[in-house]
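Pasting the structures here.
Below are two complexes that have chain A in common, paired first with chain B and then with chain C.
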Partner chain A sequence: MAEVALDGIAKAFKRTPAVRDLTFTVHDGEFFVLLGPTGAGKTTTLRLIAGLERPDAGGLSIGGRDALALAPAQRDVAFVFQQYSLYPHLSVFDNLAFPLRAPGKGLTEPDIRRRVEAVAVKLRIDHKLGNRATQLSGGEMQRVSIGRALVRAPACFLMDEPLSSLDAKLREELRVELKHLQAELGATILYVTHDQVEAMTLADRVGVLIEGRLQQVGPPNEVYERPVNLQVAQQVGALPINLFPAAQLRLPEAEIGTVGVRPEHIVVRPAATATRDARPTARVLRVERLGPEDVITLEWNGLTLYAAQAPELTGALGESATVRVETEGVMRFDREGRRLPDASPSAGVPADVELDALGEMLGAGGAQPPALAAGVR
Partner chain B sequence: MSTLSDTTTPAAAETAERARRAPAPRTYRGLSDRALAWIFVTPVVVLLLAINIFPLVWNIWLSFTTYRANRPGMEVRNIGTANYERLLSQEDVWLSLQHTAHFVTWSLALQVLLGFGLAWLLNKNFRSNGIWTTMIVLPMMLSPAVVGTFWTYLFQPQIGIFNAILAPFVGSTQFSMIADAQLAPWAIVLVDTWMWTPFVMLICLAGLRSVPRDLYEAAEVDGASSWRQFYTITLPMVLPFLMLAVLFRGIENFKMFDMVVELTSGGPGSVTELANIYLKREAFEKWRTGYAAALAVILFVTVFGFANIYVKVWTKVKQR
Partner chain C sequence: MSTSAHSIVEPTARVKWMAGVLVAAYALVTLIPIVWIVMTGFKSPSDSIAYPPKVIFEPTLEGYVNVFTTRSRQSAEYMAQLPPPQTWYEELVRERNMVITGPSRFADRYMNSLIIGFGATFLTVILGVMAAYAFSRFRVPLRDDLMFFILSTRMFPPVAVAIPIFLMYRELGLSDTHLGMIVLYTAVNLSLAVWLLKGFIDEIPREYEEAAMVDGYSRFQAFRKVVLPQAKAGIAATAIFSLIFSWNEYNFAILLTSGQAQTAPPFIPLIIGEGGLDWPAVSAATTLFILPVLIFTVLLRKHLLAGITFGAVRR
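Right after this comes the complex of A and B.
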């Protein structure tokens, strides 16, 4: 296993930039997930590292060696493709043995057999070794594909959305296995996905790639809770973040452009519990009861909002509801979309505030430490 | 039209059962779906019987008789398998079959090699790709008779361009591809290859294009040489296509007639007299219709048998 370091890598296809000035390091034994929407340049990044594409600029080192001059076969990386890419005319055994039979490996057949069988047992495909690759189910094919990478014990695994063509249950299962496997082997993995949940559950660190630029790198919870800008905030999270344009909150012309609140920081209560402080202010469009939590779609001042909360809080929700915002979950972005530093916590800040009063609170606080609270309550 | 009467049949129990299973039988102007289907299919079936099956059966019957098509009044006697016995003991017949085998084998071998090679080259991405494909495919668009005729001019020793081009290598223009008994069998192979290699190429090209690119990329990352990529990925994936091309060309060349008649008329002597040319002479020049019919049956059974076995193998290869 080894460290993979990209330094200012750039690549354009016919003048359309795919990735720009990409600099990050996947540490030895780290599970690094590159998260981004379709077309962000995630796959291109993997292909550049594997040597299937040549970068226009920048440097790349794998295990301390300059890798740009090396052919794909010499880079000692294994690639797991989204569409499995098994050799259709070979048996499962031969597919797994394929990389071991490359010239220069110098392995004897008994050696190869031992390694293939060990990997097959680990991935629970040992009973399928004699089958043709095309006779397998999707999950088995992807196991073989991962196995073909494992047998090589490469410096680094490059995985291009390996689970995206599987059905939900299988995806979950393999995801858990993959994480176990990585921990067990101490493998260095660079994993590409557009799937939130995969990124959050698998990654030691997440890199958010949007339009060819790496926006933020950090542990999953940090990227989720403290996104550096609006794009990252919108990209990360299974439910979309609620965004309030400053004007909607009747905020004064100031540095704040947008306010973001994650759905779990929005608390919805039945209108019946309304008090003088909490008038029903939002229309309930839809309540999806997912079991452990309810996802509520609301309409407030022309905006569509999402809230996620425990079912017992929701109660019997009528057509309208009171909406409160937990202040610790409020993110402020400037007019260019960059996130403003959180106001330092102070004793005066209430734990939550009515949605209608959110603008008032932020406006009073401004960029100054919030002595605002007293005025609001 | 038995289904038509089904609706009026007095077998009430059956009708009731049917009605229960399909509560609202779909009808159009009182005709059930099945009846309509039969009405649409019948003309085709009748036509097929009339122009395919009847001639075949009649031909088989003729092959056991002394029938001569140019003497309508003559008594036709059934002579059992005598035509077949005569045929199989005739040296000319065996020679014509040998010529056919030579022609089919070599033309297929060359077309497969060249066709695959050209497809391999055209599969690379280069700018004028489309123009080259169109140009290479042109010979295939011509009529075989036209091809046969104009190649007699190309092969002409005095004015033909073929001899002119080859002269520096063989030291003389004084040879004739189609008049020389040694060369003529190769002349027909050559012209057929010129004409039909593009066909094999097109099918191979379709095969090559069907190979997903990521397989090569996976192999490249796995450290496979280009040769290993060729025989573990390319060849097995293109093989079903290649075999299909061979089947088509094999059947076509087994019954080759027009191009060779125009080019050599089976000569010099009878060195390019393929089975079909021999057959035509017996049937429509010597008017030994029954005898020729027997040869036609033999050729039919041969090609049908080969094709069937081949298709079985092909299906296996395809399913791998």
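Right after this comes the complex of A and C.
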């Protein structure tokens, strides 16, 4: 296993930039997830590292070696493709043995057989070795595909949305297996996905890639709770973040451009619980009962909001509800979309505030941001 | 599900029956001439020109013997003083008051057809698959123009360029040589081969080769181990089309070959001149001539079927 370092890598296709000035390092034994929307340049990044594309600029080292001059075959990386990963004309065994039979490997057939069988047992496909690759189910195919990378024990694994073509249950199963395998092998993995849950659960660190630029790198919870800008805040999270333009909150012309609150920091209570300072102000559009939590879609002042909370809090929601915001979850972004630093926690800030009063509270300090806490953690 | 339920995929019994009749009728129409040729090959000369035509007849191998031998007619006295015939075919020939004077040139011509036909097919497939791969995978400058240019060689009948080729070949010393004919047939077939094979290779996702290249194979090795096996159907279809053309080609063969490289098609009509109206010999030669393509096609039939439905290949 080895470290992979990108230094200012750039690549354009016919003058359309795919990735720009990409600099990051995947540490030895790290599970690094590159998260981004479709077309962000995630796959291009993997292909550049594997040597399937040549960068226009920048440097790349794999295991301390300068890799740019090396052919794909010499880079010692394994690529797990999203699709088309198995050779349809070969059996499962031959598919797994294919990388080991590459010229110059110099392995004997008994050696190959031993390694293939070991990997097959680990991935629970040993009973399928004699089958044709085309006779497998989707989950088995993707296991073989991962297995073909595992038999090689490469410097680094590159995985391009390997689970995206599977159904939900299988995806979850394989995800757990994959994390387990990585821990067991201490493998260096660069994993690309647009799936929030995959990124959050698998990654040691997440890199958020948007429009070819790496926006932020950090542990999953950090990227989720402290996004550097609006784009990252919008990209990360299974449910979309609620964004309030400053004008909607009647904030004075100040540095704040947008206020963001994640759905789990919005508390919705039935109108029946209204008190004098908690008036029902939002219209309930939809309640989705997902089991462990309810996802509530609301309309407030012309904005559509999402809230996620435990079912027992929701109770019997009528057409209108009171909405409160937990102040620890409030993110402030400036007019360019950069997140403003959270002020240090202070005693004067209430734990939550009615949505209608949010702007008032934020604006209280004027240009001086109020002591809104990030930090009851 | 009841059998009377309507289905948009299953044809109804009546449609099936009608389709069966149509196919049978078509098969009959196309097979009769072939059956007639095979039958005539086993007839005696008089049976072959009998009117009304004979469907029931006494089979003889005379036609086949005549294809492979040259014979001369002798007087009864000469025939009487010959020692008894050594072989069954000598006996067959003597019944007609003839003796075998030597082998005919048919075997040589047949061999020429095999060498040239399969040689050109082999070369067409090799060059075609490599060109198609390059056009499919690499950023070839002026790719679309080149592809159109290649196709444009199909826009006139090949024989339209017969005279320039004749003159060129005479200058280059390629007239009446195996090499000359192989090169010519390859050139004619290559356009179809490149287009056909490019379609097939386009259908093979490039991830397969890329996976192989990341796994330690060079591009050429990936091509050989991953692309070629998956292009089998296209290669089979191309080989069959190419062989059929090279094998049946008549115009260039008659123009450019006369002796050592003459193929069977220009030779077969000449058989009829040797010894009157020898239809059984011509038919015997034709029957033998059909066989290689028939065998080749049957061997590759499984792949050909996939080949004819190209474009409809499930990705």
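Here is the rule we use: the second predicted complex is superposed on the first by the 364 of 377 C-alpha atoms of A that agree within 3 Å, B and C clash if a C-alpha of one lies under 4 Å from a C-alpha of the other, contacts with A are read in each partner's own complex, and residues count from 1 in each chain.
Keep in mind that, in the parts below, a contact is a pair of C-beta atoms (placed from the backbone, for glycine too) under 8 Å apart; a residue touches a chain by one contact, two chains touch by 3 or more.
Quick caveat, the model's predicted, so the values are computed rather than measured.
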*asked:* Please determine, from the superposition on chain A, whether chain B and chain C clash or fit.
replied: clash
*With the two structures laid over each other on chain A, which partner does A:P110 touch: chain B (first), chain C (second), both, or neither?*
neither
_Partner chain(s) touched by A:A73 [first = chain B, second = chain C, both, neither]_ = both
*asked:* Between chain B and chain C, whom does A:Y87 touch in the aligned arrangement: first, second, both, or neither?
replied: both
*asked:* Going by the contact rule set out at the top, does A:G302 touch chain B (first), chain C (second), both, or neither?
replied: neither
*Tell me which partner A:A102 touches in the superposition: chain B (first), chain C (second), both or neither.*
both
_Output check: A:L52 vs chain B and chain C. Expected answer is one of first, second, both, neither. What do you get?_
both
*asked:* Show me the chain A residues, by the header's touch rule, that chain B contacts in one structure and chain C contacts in the other.
replied: 50-52, 72-73, 77-79, 81, 83, 85, 87-89, 98-99, 102-105, 148, 152
*Within the complex, which stretch of chain A touches chain C?*
47, 50-52, 71-73, 75, 77-79, 81, 83-85, 87-89, 98-99, 102-105, 148, 152
*chain B touches which residues of chain A in the complex?*
50-52, 72-74, 77-79, 81, 83, 85, 87-90, 98-99, 102-105, 132, 148, 152
*Could you pull out which chain C residues touch chain A in their complex?*
205, 207-208, 210-218, 221, 225-226, 229-230, 232
_Can you tell me which positions in chain B touch chain A when the two form their complex?_
212, 214-215, 217-225, 232-233, 236-237, 320
